[in-house]
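Chain nomenclature is as follows: A, B, C and D, assigned in order of appearance, with residue numbering initiated at 1 for each chain independently.
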């Protein structure tokens, strides 16, 4: 086994991550999408509609960040993930982001249900695990940005851009209500680690008793 | 690993699916049954009483859809699954169905308990995951058809036929109360994806707090 | 993969079952014990204190049913499982029992907590899965025999003998409160299938909302 | 598969344990740390910040128990785990401890939430599984030592030292609130077994209904 996802080629790493996330129930059916930046102008992203438990290295398209153009397509009929627009926003706003992972988890949806209607964030529990986001505080009070789920994904992407352009979030992650989490990192391994960490925090929330 | 279950022979794919579903707790003991259509008149279905975690390619019988006749039997004493009648109804009513998967899950039983007695359907939660059933709405309100569990399986099959002949369900799936879900698809891979998606939705329901 | 546990030698099958049950959390640490009858007078049982996730074929002792004598020991210092007395009772009372499996599961302990103090049985939920115990009824009302956990295992064994000598239980299984389930079958595969089925039923109970 | 973790070299065993614990969700991201004593003066401990699901045998440092000096470093930039001070306390106070394992589990955090604020211990449930800590009582009443989570780990270590110097705990384990459990044993295998057993007990607690 390779030492780190960063020692693999980006697409090989994303294939391993897809199968891993699928096995954990975070990419049921064809849900979710995974990307890795190649250079400051491009990223690979999963093609739309591929079963994530059986992803292959050819199931990716190379996207130009600036305008979303498909620069390279490994299989003729493939189309980029419907949520490519969100990945473009992340790579544009955060130049050090090297990978961006989006999955759907039951725990994430249940945890987000705890936020009142129209809340802009979800207070994460003050567990030691929060340190995985480089937050070195005792009993940290950190909010995960929360967005409404809209049928038109480009509108979600626009909300993300508008909010994060004002201020970067405290964690390199966001949650779309009734949908799932998106996590990015300065490396493939960091994005993977943080996706796991966020799900740990959300799973704890989904199961913890509501405060008074 | 093959790219998709559809690139395998139908029985090889069903063996992989059986072991996968068994490992997830959806086919405990010999529970559940899996089938794949061969042509417009026939389908392969699992033999009765086989442990699904150790299924073999010879553990199938070829069934004529029209009358349920066993056309081919790979091992002499095998009998077709007791629930063959339900699969026959699905293949008869939905000519584009290529595979039909039935498993028993704890989450599915718990979710169905939320329906009032004699309810004909179970309202699925409006999660993004619903799109996996080709339903492209914001906050979709979709019902999973719900049937009572009867000792005589042919009566369940008859109820399914009677109801679905009137109108096809919104999702290519049904639930038998205190028993489990049956999901079909236009390909083996689609049936597999949708079984996963339905279980995700039912698991969410089983754990979500009851409204009001 | 072998077609059935019955196509393996008894000890090879029990080693596979131990690793499987360990991976599912039913044999944490060295918990649980597994046995298989060799002939009407003897059975192999796991040695005491072996980590079940790493069990080996030499980690068994051959026991005489009648008096518990160790007839064969594959490694000099091994002692038979502390719960050998319960296995002896099962093989004595049920001549067609070929295998007996005992594990500890969180769900089993939680489900048993639902029984009132000193209850002699636990009503199993009327799920389709109950048919795996050869009970072909609609909405079956079946009780799992429940025993108190005592420090002296031979006293538990004596309670089992006394109660089952009067009447065989409706299911080939019993539960010791705050401890775990014991399941037997007419073959290794049947015992394995039924252990899975019983855990499914107990896991459903542990999670279902209390009636009333 | 090796018979026991003790038949492997200490670092090879810890690599296997790390991947196992990671797969179970007890070492999400880079969380947790694992060590094994080499002689009465030294132990190997995981380097800081390594993803535990992909740990390698070179990801360890050799530490002198007495003063925490790094005696051997297999990769130049590696630093010992931030929680090395807790491991040093355990090896100092308990000369027969050969391995010490620290992970973060959701169940452990949820179970600890049941203790009132500032409680010094968590009463473990009286399950049969408690015997895995060499406690041979009927309905054992055993407390798991509970410590507050502090940003400065050396202060946690100091609290552990101060309390355990007075009296050894009833179980070879401790819990840091909102953080995770640390378990030690007289062998690698025993530490592993007991980590599993403790998590079983804490998972039961997290799910059991509150008394009263």
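Rule of thumb we're sticking to: contacts are C-beta pairs under 8 Å (C-beta built on N, C-alpha and C of every residue); 3 or more make two chains touch, one makes a residue touch a chain.
Since the model is a prediction, treat every value here as computed from it, not as a measurement.
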Exercise for the section: Please identify each chain that touches subunit B as well as subunit C. Expected result: none
Exercise for the section: Between subunit C and subunit D, two touching copies, which fits better, same or different residues at the interface, with half of the numbers shared as the threshold? Expected result: different
Problem - Approximate Å spacing (C-alpha centroids) for the pair subunit B, subunit D - result: 44
Problem - Intercentroid distance (Cα basis), subunit D paired with subunit A, Å - result: 31
Handout entry: Residue list for subunit C, restricted to those that touch at least two other chains
Key = none
Handout entry: Residue ranges of subunit B touching subunit A (in the complex, touch as defined)
Key = 1-5, 125-129, 132, 136-139, 189, 192-194, 196-197, 199-200, 203-204, 207-209
Problem - Contact set on subunit C toward subunit D in their complex - result: 19, 25, 28-31, 51, 54, 56, 104, 106, 109-110, 113, 149-151, 176, 178-180, 206
